[in-house]
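Chain naming follows the written order as A, B, C and D, and within any one chain the residues start at number 1.
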Amino acid sequence: EVKKLKGIVAATVTPIDHFGKVNFQEIPEFISFLLDKGIHGLFPCGSTGEGILLSTDERKKVAELTVKEASGQVPVVIHTGSIDIHEAIELTVHARNIGADGAALIPPYYYSVDEAAILDYYRSIAQEVKDFPLYIYNIPGNVKNVISPMIVVKLHAEFSNILGIKDSSMDFMNFINFKAALPGDFCVLMGNDAQIYSSVLMGGSGAIAATASAFPEPVVEIYESIKAGDLNAALKAQKIVTEIRTIFRSYPPVASYKKALEFRGIKAGVPRLPLRGMTDEESERMTRELSNLGLL
Amino acid sequence: EVKKLKGIVAATVTPIDHFGKVNFQEIPEFISFLLDKGIHGLFPCGSTGEGILLSTDERKKVAELTVKEASGQVPVVIHTGSIDIHEAIELTVHARNIGADGAALIPPYYYSVDEAAILDYYRSIAQEVKDFPLYIYNIPGNVKNVISPMIVVKLHAEFSNILGIKDSSMDFMNFINFKAALPGDFCVLMGNDAQIYSSVLMGGSGAIAATASAFPEPVVEIYESIKAGDLNAALKAQKIVTEIRTIFRSYPPVASYKKALEFRGIKAGVPRLPLRGMTDEESERMTRELSNLGLL
Amino acid sequence: EVKKLKGIVAATVTPIDHFGKVNFQEIPEFISFLLDKGIHGLFPCGSTGEGILLSTDERKKVAELTVKEASGQVPVVIHTGSIDIHEAIELTVHARNIGADGAALIPPYYYSVDEAAILDYYRSIAQEVKDFPLYIYNIPGNVKNVISPMIVVKLHAEFSNILGIKDSSMDFMNFINFKAALPGDFCVLMGNDAQIYSSVLMGGSGAIAATASAFPEPVVEIYESIKAGDLNAALKAQKIVTEIRTIFRSYPPVASYKKALEFRGIKAGVPRLPLRGMTDEESERMTRELSNLGLL
Amino acid sequence: EVKKLKGIVAATVTPIDHFGKVNFQEIPEFISFLLDKGIHGLFPCGSTGEGILLSTDERKKVAELTVKEASGQVPVVIHTGSIDIHEAIELTVHARNIGADGAALIPPYYYSVDEAAILDYYRSIAQEVKDFPLYIYNIPGNVKNVISPMIVVKLHAEFSNILGIKDSSMDFMNFINFKAALPGDFCVLMGNDAQIYSSVLMGGSGAIAATASAFPEPVVEIYESIKAGDLNAALKAQKIVTEIRTIFRSYPPVASYKKALEFRGIKAGVPRLPLRGMTDEESERMTRELSNLGLL
């Protein structure tokens, strides 16, 4: 039976040491930490997971370790998108074969492509794994090419295994438009951690949240409180998450999540080049800011 | 002795067949066609050359064949940029080893990185090939991260082998600002084929031009006429090039150049997925438009 | 006692006949229509009200008629912003003198001004009416200059009569950031009719809504249902309002609201030049679209 | 006979004292200063001239004084655009009646209007002054609404008195596209002072230049040197103008031009509110920067 993403899904980082090597042995502990905190799903190898900076083999191994450690407790959806369509297919088939609960894919990047090319890209992949749940990943800030509601409507009509979208466009109107254009049971996941509360109250399925990689507790609390009918507690948790997000985003990408995980006892290391780690000054400043929020 | 890029450099396409395989055996004929038309330089594996859609081995082989066929008649600069910094270094070292006249590199893409990360990226590469000419490739429309004049000034001060920039920002103010910030002999190359005439008249070194891949004649004429002191002829040629560019850019990326090359007797084929080829309708319309300009 | 804006405030249109004359005698009937439908406040002379297309005298007369007809049943806040700071002051003093419940002002437009100039603009006005409630109106799509949370924080600290903001930036993150930066009782009003539900659930005070000028019922229902604890009904109403908004915004500005009001029995007429009225084709299409929603 | 704009036209500032009053008596001396320096035309009441911050009467008087002092030595084109179409017509008719050589008009601002509304706006004005030269003023950075080449082509076809455009879009591609779309004798004037050299070499008629209000000499030299066939001197002058422009634009709008005019002996005063004057610190810094260029 299909386990759709629902609730708070951690966009997991990939532990990488100072030599640039993936620290695979840290993954079980990291996943175990997230499960302990009550996370509802796992999303490795996405933007936060440095997916496109990893080799095909590394992406597979990260996916395998995550699926293994999750051991069916929560759904795991692997990001398998790539500008190399053959790699995208290979990774998606691999995700299915290792027992993941689905794959999510960014559209082509670097080049500006039109709707026809975006549709063809997803079709090429969807027809290779007809019974495997697929999610579309809208993140125009990184890939430039925009997933319109019409694209998703067409793909969902053609492929019953395309059953969700992660909207990381940062524009709440896009979330609203995706919800309006698609059936109520189509899974629309929020990719902006400041808008989880609002999206769930509009019928969203939950969020794929980078913040939840380092501080899963308040993110999970947003969702749990809404389900329990306590909107005040949910809004309070959302405000904390929004503050954490603002702090994280004021530092170089990925690095801040990894640094924060250090404080949680996880050796997440540093981002891989060409992403840069935090300077000592940045690291100290972020420590102060997170401490002021009572998080450290 | 260093052969700097100067004049009209063709941003060459990579011939790819309908099965997605690089058609290596067509490269010599294609390069020979460009040399016959008087091209002043060659730039394989860039955006027009689908560099980031090729495997490392394919990129090397395209570079080798281009250098071999050019046989020293004109400088060849290989695009070796990659989000994978190790691939970027490997390709740059390879370019030097096969006797290319330089390498050009886009900055990191997908992630939004700051000046410090961009500087580190170029430093990592420049220090591996200290005597090999390097060019920076500013193309924010594709990579999002902007190369500022200050970045180039810093890199040029640190590495004497960083000796030029290709500005494909489409904004003429950037060209003006690069020229103003850098010494007169620093090579600033135009990447917008509609602004070649203007940039050369402002002291630009020339252009890396996609249009020149299919219709080298009028592009070369812009430069030659300026050098011969005939601004009227140069402006007339520029206007034709601008019209060709407008036509090419109204179709999916890369596909239009390859289709036009068919008419020139070069089997350039189609773009690799996820880029799409032209539909029959598009192909017929473009044929009409190019015919109206007297080019077919 | 201060009557702050709360709930659904109609951004009222200004009735204008086909000769471009303001049809003042229609205003009482229009306001009466809105009050009958349970509107919670009135906002004349804003962007929907063609404020900057009216003469100073016309703006005063529209304000007077609106205040008179509202007769204290609901708060009336007049838009008094102008690129001419003396007109802005004159209109704001006038709003106070006629017994309006506050004034709202856009920042300077046309020129790109910095924070210092924006602060000075609001200070010049605020110090002229120290006991009169003022609202700041953030609408960068029209005026280009952005009101940052920091600007509002500073003004609120200096002037206790600056007690609210209308955020028409269309970006929900701005609403979130205004709420986070300002005290809980500072009035933050939504200016994007598709995000009323979400903003009120985040502690927003309500909305200044153009849609409510023509179809107040579902807009009022969003707010009333939330207050009654019926989120399902509120979300359902919001979805209808979002659909109406999408229809309205697919036509030339202001014209669509006025045309729809015709169907409600209000002679709202047409926009003043240089805004244009709807063509017959547009009018027929909009009638069909609104009918399909069951609104006509 | 029609005196079209050609060469370097100063976008003149309007002298305003510290009480916000227009200092009319300074205008003759200011215009005389510009004529002495060899300016080829005058453009009062534009963006640099704070046109939309002046009353109708003030705009008329500034126009009259400028025309009078120019006394036929150079063409004077008055900016008469306004969001109030009746004011736009009144000012345009006035410009004709006082013997100006033409009027230029920005399109509607504040609201986003479509091509049909923009065409109607210009038509309403053009048909009132059928024998009077009109120029269209493209400045999307201030007015948001873009003048496309197609709009100008249509208007020029309908009204033979619409004979030019000032392109202040800052994007050189727009200049290129206007030149390509319109007949060779249609007057296309550059509104970006850094691109005068390039535009004239592409067949542009000249420039309406804010920089020329304070430092007319190097701006005039660009044009004169090109006409004299000395491209080196022209480019050298352009580089100086570009540097001046960069300095001016690093300060609040209009204020920097007025401050610089002080050093030239012209009492230009300060901008009118809501524009702000320069702080002492800014003023000292700009003085240093202009001195470093050898201009003071």
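What to note about this one:
Just so we're on the same page, contacts are C-beta pairs under 8 Å (C-beta built on N, C-alpha and C of every residue); 3 or more make two chains touch, one makes a residue touch a chain.
None of the values given here were measured: they were computed from a predicted structure.
The chain with its CA mean position farthest from that of chain B is C.
In this assembly, the C-alpha centroid of chain B lies 38 Å from the C-alpha centroid of chain D. Chain B and chain C, compared by their mean Cα positions, are separated by 51 Å. Multi-chain contact residues, meaning those touching two or more other chains, do not occur anywhere in chain C. Contacts between chains close into a ring here, every chain touching precisely two others. Going by the touch rule set out above, the chain pairs that meet are A-B, A-C, B-D, C-D.
Residues 47, 52-53, 83-85, 107-114, 116-117, 120-121, 124, 141-144, 252-254, 273-276 of chain C touch chain D in their complex. Put simply, chain D touches chain B in their complex at residues 170-173, 176, 180, 192, 194-195, 197-198, 201-203, 231, 235, 238-239, 242-243.
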